[in-house]
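Labels A, B, C and D are assigned to the chains in the order they are written; within every chain, residues are numbered from 1.
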Amino acid sequence: MHVRVQAEPFDFGAECGAFAAGRCDAGAVVSFAGIVRDRRGGGLEAMEIEHYPGMTERAIAGIAAEAVRRWSLADVLVIHRHGRLPPGEVIMMVATAAAHRAAAFAAAEFLMDYLKSRAPFWKKEIAADGAAWVAARDEDEAALSRW
Amino acid sequence: MHVRVQAEPFDFGAECGAFAAGRCDAGAVVSFAGIVRDRRGGGLEAMEIEHYPGMTERAIAGIAAEAVRRWSLADVLVIHRHGRLPPGEVIMMVATAAAHRAAAFAAAEFLMDYLKSRAPFWKKEIAADGAAWVAARDEDEAALSRW
Amino acid sequence: MIEVLYFAWVRERVGRPRERVETSAATVAGLVEELRARGEGHAAAFADTAALRVALDQDLAEFDAPLAGVREVAFFPPMTGG
Amino acid sequence: MIEVLYFAWVRERVGRPRERVETSAATVAGLVEELRARGEGHAAAFADTAALRVALDQDLAEFDAPLAGVREVAFFPPMTGG
């Protein structure tokens, strides 16, 4: 189980490659990348990601431990950035490895649902005409009820 | 929509990186890698993957087109190898990109469920003490009914 | 003339990957009856058609599907891709 | 003395990321009442606690949770990670 919270960029492809490399124990690897998306179709200068140092690592580790408890996983990786990120940049990723794909997919979705709404990060969109905090989406909160 | 059926190895990490790179249109990228797993915990020499040239590409393209029809996807990638693969080697991958994670996850799972049971590939496990065709799993067939 | 293809253990039992077949069968099931009569290997391959899948001109089909106009028939076990 | 932390727009409205608070409040809700009285910024930040989340010593909690023994209280909007 690997959890990293960092300001520095990371190489999503390299992380996926390293995570999947030489696994004879797991037939299935699922990865997710969250990318800074320009929802307005141009005009977004950056996404500013604030976090709660200390609680962030603690919350993510707790969510990852719960995933390991629920599914038979060979490995879990979570990386989440904070600070100022330009459009197109990878904000965060999760990866899961399991014997079968159902567990790998379910665990990755579980991790994402909980990271979205239970890990202390807040996004602010910075545009030329102003800045605005991203509002939590009702469907993100609702997604937790399925687990 | 990109579909590749090939005997040659491919670099799963590099494919994930290239697929996610510079996307300002999609906030979510999901990838899956299927890896040659030694189910017996040692003794597997290789996985031999037979396919039906012509029908394979046709079936995968049809499955990918159905995914694009069902979900709003910015992009889809499917790569599937055939031939003789050692344990730990990546057999195949799918990747999906969408505005939101729910569509990216659902489309990736849909692609995997259909590729498992509707694309003409057959796996044979080659071990020192003999070779055996991998039997289709009932749960793989059952997984199709959820879509 | 129809091109008949075999894959995986169906190919191994029949002993060849493909053959050209002269048939007047109206359906896949009729063709299977004719193929069974070709010898022990064929009979073993087609012993239980419930364990088999069929594709007509590279599209999955049922065993009661008509053969009219079909150029390529393939028989194989349930697929195990991914 | 309790360390009180603010994040995102709560921090912006209060005008600072953290402050030390002397309190005898029994619960988070009691602390919120005291904080509201600290000025306009605080009042704006705590105008609608339904829009807020609270963590006690870095674990999510409810507003009726007791404060006894707590060293660090954080207030913030619903999280938007991932």
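Observations
The rule is simple: a residue touches a chain if its C-beta (ideal position, glycine included) is under 8 Å from a C-beta of that chain, and two chains touch if they have at least 3 such contacts.
Just so it is clear, the structure is predicted and the values come from calculations on it, not from any experiment.
Counted as hops between touching chains, the shortest connection from subunit B to subunit D is 2. Rounded to a whole number, the gap between the C-alpha centres of subunit A and subunit D is 26 angstrom. Centre to centre, using the average C-alpha position, subunit A and subunit B are separated by 22 Å. In this assembly, the C-alpha centroid of subunit A lies 48 Å from the C-alpha centroid of subunit C. Residue positions 82 of subunit C are each in touch with at least two other chains. Contact of a single residue of subunit A with at least two other chains is seen at positions 34, 101, 112. Chain contact topology: the protein chains form an open path, each linked only to its neighbours in the line.
Applying the touch definition to every pair of chains gives A-B, A-D, B-C.
Contact residues of subunit A toward subunit B in the complex are 11-18, 20-38, 87-88, 90, 99, 101-102, 104-105, 108-109, 112, 139, 143.
Of all the residues in subunit B, the ones that touch subunit C in their complex are 34, 50-52, 54-55, 58-59, 80, 91-92, 112, 115-124, 133-136, 141.
Contact residues of subunit D toward subunit A in the complex are 5, 7-9, 11, 55, 58-60, 74, 76-82.
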